[in-house]
Amino acid sequence: MTDLLPLIVAKYNYWLYVILMMIGLYAMIAKNNLIKKLVGMNIFQTAIILFYVSIGYKTDATIPIIQNAHGGGSHGAVIHAADYINPLPHVLMLTAIVVSVATFGVAMALAVRIYQRYQTLEEDELRMRLIDIGPEE
Amino acid sequence: MDILVIFCLTIGLLFFLGGAVGIIRMPDFYSRLHPAGKLDTLGIFAMVMGLAIYNLHHFSFEALLLSAKMFLIVFFVFLSSPTATHSIVDAGMRAGLRHWTKKKRKG
Amino acid sequence: MSTFFLSVALGLLFLMLFSMYRALFGPTILDRLIGVNAIGSKTVILLLLIGFLYERIDMFVDIALAYAFLNFVAVLAASRYFHKRKGLYEESFMD
Amino acid sequence: MIVSVDDVAKNDDKPISIFLKSFFSFLITFVLMFSAWIVLSGKFDPLLLWLGGISSFFVAYYFYDLLFPIIEKGYGGVFLRFTGYLPWLIWEIVKANFHLLYLAFHPRMKDLIDPHIITFKTHLKSDIAITTLANSITLTPGTITVTADSDGVFRVHAIDRESAEALPGIMLKKVAKVFGEEI
Amino acid sequence: MDNYPALIVIAPLLTAFLAGIAVWIRERLAYPIALTGLAVSIFSAGKVLMQVITSGTIQYRLAGWAPPMGIEYRIDLLNAMVLLLVSSIAFLNLVASYKSVDQEINDRAGSFYTMYLLFVTGLLGVTVTGDLFNLYVLIELTSLTSYAMIALGDRDRAPLASLNYVFIGVIGASFYLLGVGYLYMQTGSLNMADVANILSGIQGSSTVLTAFILMMIGIWIKMAFFPMHVWLPNAYTYSPIGFARVVAPLMTKVMIYVMIRLMITVFGFDYIFKTLNLSDAVVWLGTIAILSGAVMALSQKNLKKMLTYIIVCEIGYMVGGAWLGNQLGMTGAILHILNDALMTFALFLAVGNMAYRLKKLDLTDLQGLFGKMPWTMAGFVLAAFSIIGVPPTCGFFSKWYLILGAFEAGAYHFAGALIISSLLSAVLFFKVFEICFFEPMSKDHGHGESHSQVVIEEAPISMLFVSGLVSLSLIVAGLYSGTIVNTIILPFLK
Amino acid sequence: MKFLGVVIVCLTGALLLYGTGEFPDWGDPNSPASLHLSNDYIEKAFEETQVPNLVTAVLADYRGFDTMFETSVIFCAGLACFLLLRDFSQKKERFYRHIPTGVILHVKNSKKILKVGKEFEHMDKDWVPSDLIIKTVCRIIIPFIQLYALYVVAHGDFSPGGGFQGGVIFGSSLILLAISYDLKTLVNRIKEKVFGIYAAIGVLIYVGIGAICMPMGGNFLDYSKLAPLVPGDPHHIRALGMLGIEIGVGIAVTAVMAIIYINIVSEGRHDEGL
Amino acid sequence: MHWPIDLIVLTFVIFCAIAAISVKDLLGTAILFGAYSFMMCLLWTVMGAVDVAFTEASVGAGVSTVFFVAAIFRTSRRTKD
């Protein structure tokens, strides 16, 4: 037990991210409702964000905002890299979150458009309606 | 000083515990709102008070402003939490949810 | 003191389990909404506690404040839905 | 400046006084916003103070009519009495919270509670007074305001008889006193 | 003045927002603004190409920070060529689409141009950047604009096709992002050259292998390589023609460029062809892609949809060629990026001209078109010959390189698939020509008066001019393909 | 489809788990990811840019080019919602309310449009009187939320937050206005045109600040070359440049959030909503 | 030091994700999705990514849920799975 715990603590974040990702991917592929698929898409994207943020974490380090920047030692203090969490993954993930929100908004707009036209969001029903319209154009 | 902090936090935790138990135990949606909406509000109040006192450990003007900022949270929670509760109840009424009564259970 | 904060945080997380139960299994939508609202209020405190654990509380107050605002907006929007669309659907969890 | 339709409907006799009133409400909003900025920011950098001033001006200019739509005399008194009201309210909240706590942990809780809805009418006029009363009712455990309309009619959901009997009672009197209105 | 590399991307971006403001103030201004932006972009791209040919790779530091910390542009011969290609096709299409946008989306044309400029910006940025994460952001910019624009097309089907594209596109982009994350975990860097440098030390790692697979799958989904191609035909068929004309030639080609860039610059040939043994499998996939694309194209009844399946088939050429693992194959693949972009553009221009007059593009609607729209059809025939691979046109030369490469690598199945697909597309296009040329319109008399009353005439001069220009350029590119290979591709591969 | 989904998901999961095999431990300070670039950023960024929040420094300066496109993506989302949903056609069925008497008129299929103003006001189809309590409380809260949003934008350099977060909070304050009153209050207060122009202007500020650096003799987005244009300490010029672009981002994001919300909730008709 | 909080929150996240995709009512999905965002925000705070947490708090709790509810308001709550 004492040996197992460090091993689990060392990696569980990565394992759970894979599980989260699989949940999202499953929802995107197998769900029938378009909005459910959208939720799956969002879960999928957050799983990636979780992965990146996990990369950046360092034990015994503080958040990536320089301490005492305006207080006591403004210029004299030396900054040790080991004291601060890696800022780069955070930056990347800010961008990724923004992109995912943008995609979410556009997809919602598309879903509303589809509902206006077909009065349903279920994929199988949509397929039936498309057959009713007839083949091309 | 630390004792005060611990006392506040424990009281807050107690309120939260009451809220959580109430949410689970109450028989219907309307009565669940009572613990959820209010015990939590007071819990936030108590806990933020404790944390704000702890923050004033090393007293300075900045720390005072920071504690004031924490109380800003309490201020907004006191404004918004009852409103949210009211809005949920209203939604339940409009949705046509019946409330649990004793008579119904007996009869 | 930081051990105490950690244990308070863990206690809050344990209590969150109750609200989470309501949110996951609540018989109606509004029960879920109550659960999520309660989770939100606990999260505000947790954010502050984590701030004390990192000993950088000044950075975390902002997040908690934003959270208190925006939780309200979301709950309001969800309950506002019922003001305009009547009817509560029957639903069951995971079958 | 933006003058909302409601304002015009209510005092369309003197345009100058409208301007003055909206200017006053702008000014009060600005001061309030700026002090909020100081609390939020906690830094006294000149650049940040300037930005705070600009931000407060922006908010106050475009949205002054939200916070104080109509300025009337005696706002200062209302503020003072309201601060006096708050400690009493908090004490009530704490007292009643323990009652609810007792209910929640009681093993035979379902025998103790008796949810029902009561309706009562008040003569409160202003929105802010009604809202304060409604929120106070909601905050004191055992009761939740279901609806409150501008005529002063309240519908309240109470969890047991005891909390229901306390209404409207003393709280209404206090609120009416704070806002200088009749009960 | 050495800000030309930045100007290529910034000019369309800046004008996009100017056009976005113009939409609300004076909508007519949006079109000239868009034209100006793309013209500046072409001019800078030309300058940069010249500079690269004379003095080698250009590095441009954005925000003035040195590469591993900041983002850099690294423009070599391949980049510069694709940049010029993208910006000129975008410009020409904008010239041609003035009328058709008016016809299709008249009430919000200004916003369409804004979106169009952003799309082009994304493509140009993808081409020019030297940073792995920047690439992701730009791919998303491109995708987001194309989701929106595709949904503007056919009222009944376009939103649904677009939403499906959203789902698949997001999976693709996320896989790419995940691959970048795995790489970042092992190397700690995001700059392509820097990553390549570090990777040469740690080739055996399973993380790097996973990263490679994830990135490749992501890019393949985005380019609609065979098993992941399901979104493409619907999405491109139902999109508005003004947009289909630019997305069909450019989007997939740029993605193939990205694939080649990742293979050459980041992972390196040694890693892909010596350490891993995946190339055979991918070439087989390419073969299947070519054959299935050609066969499915044959079974379509709608002209536009038929062409989209040809795109799927062409993707098979390029991916297969790039994965053959020898210089000839890679040369063929790169040359085919250029040629295929031109060919597809010419085809879609011709289709756009037809759509402008006909509205419906089922094969049966095309009867007697040679008489009605002779110039358009001439362009169409030229482009079709190029796709089939008739010698003076450019399609022949890249196929030639690809076949040579296949023989050198011993991938006879791939060479066979190339030849078969050429034959199939010959059959396909001659079927179309037959319908357009030999069958008279007389059948329609019994059908109803509405059909014969519509007088079909030649397309407007602006569209016709662009169509003719591009079709002629197919022959020019064919004649000069030796020069292109010798001055651009071979020095790049060295 | 379900079976296929399970197969694909399991394959992907297996691949990813295989990839995790050689990962460094979670939180290991000596993993390659936290050694190569990140140390450079942590040690040099504050010195070079005078911005204590490293995330902001990297986001807006070292990788400012990414952020520019990120903002473009947001703009693009707003534009896409406008393009996809906006419906300019007038509804034939209309409801009006006579303000003094409170009588509701139901007009079916008429071309004549009543003048809306002092006497009449538009009415939603499923009209619900807006709740007094919610209305009053939101009226009090909204200015504070807005001030807070502006504070977040301005303090991006020192504390978490920045243009995007501030913009989103400001946008949600506008959304709150629309929820607590009704959509028309928001639409009448701030016109669609204003939102459209602001969305473009916000990103234009960003690109413009970047572009000005080029004639000043620097590369694109190189804020240090702006020093002659701005009074004050040239040491802090990079921080000022970042503040400028964050304000741009904030404006753009606010406008775009409002555009997306309004268009989705009213199906592009800008008349009635949640 | 923070790993117990991290682990518990991560478990909650997975619960929320599973529940969000399996509830048979889209409004319930929206609400649970909000809870999912809360948990994510908390997780990132625990890992020290304050900026990311802030963004997630503002986006996930505020705007994203509201967009979701708005879209459901304009479409339908019905779902088969």
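To keep things simple, chains are lettered A, B, C, D, E, F and G as they appear, and every chain counts its residues starting from 1.
Going forward, contacts are C-beta pairs under 8 Å (C-beta built on N, C-alpha and C of every residue); 3 or more make two chains touch, one makes a residue touch a chain.
Fair warning: this is a prediction, and the values are worked out from it, not measured in the lab.
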| item | value |
| --- | --- |
| Common touching chains of subunit E and subunit C | A, F |
| Pair sharing more residue contacts (C-beta pairs) when A-F is set against A-G | A-F |
| Whole-Å gap between the CA centroids of subunit B and subunit G | 21 |
| Euclidean distance of C-alpha centroids - subunit D vs subunit E, Å | 61 |
| Averaged-CA centre spacing for the pair subunit F and subunit D, given as whole angstrom | 30 |
| Distance between the centres, which are taken as Cα means, of subunit D and subunit C, whole angstrom | 24 |
| Residue numbers of subunit G (touch at least two other chains) | 1, 48, 50-51, 53-55, 58-59, 62-63, 66-67, 69-74 |
| Where subunit A touches two or more other chains at once, by residue number | 9, 12-13, 19, 25-26, 54-57, 59-65, 70, 88-90, 92, 94-95, 98-99, 101-103, 105-106, 108, 110-113 |
| Set of subunit C residues in contact with two or more other chains | 16, 33, 35, 54, 58-59, 62-63, 65-66, 69-70, 72-73, 76-77, 80-81, 83-85 |
| List of subunit C residues in touch with subunit G within their complex | 6, 9-10, 13, 16, 20, 23-24, 29, 32-33, 35-36, 39-40, 43, 46-47, 50, 53-54, 59-60, 62-63, 66-67, 69-71, 73-74, 77-78, 80-81, 84-85, 89, 91-94 |
| Footprint of subunit A on subunit C - complex, ascending | 54-56, 59 |
| Contact set on subunit F toward subunit A in their complex | 1-2, 4-6, 8-10, 12-13, 16-17, 20, 23, 25-29, 31, 33-34, 37-39, 41-43, 45-46, 52-55, 57-59, 63, 66-67, 70-71, 73-74, 76-78, 80-81, 84-85, 158-160, 164, 260, 263-264, 267 |
| Complex contacts: residues of subunit F adjacent to subunit B | 131, 133-134, 137-138, 140-141, 144 |
| Contact footprint of subunit C on subunit B as seen in their complex | 2, 5-6, 9, 12-13, 16-17, 19-21, 23-24, 29, 32-33, 36-37, 40-41, 43-44, 47-48, 51, 54-55, 62, 66, 69-70, 72-73, 76-77, 80-81, 83-84, 87-88, 90-92, 94-97 |
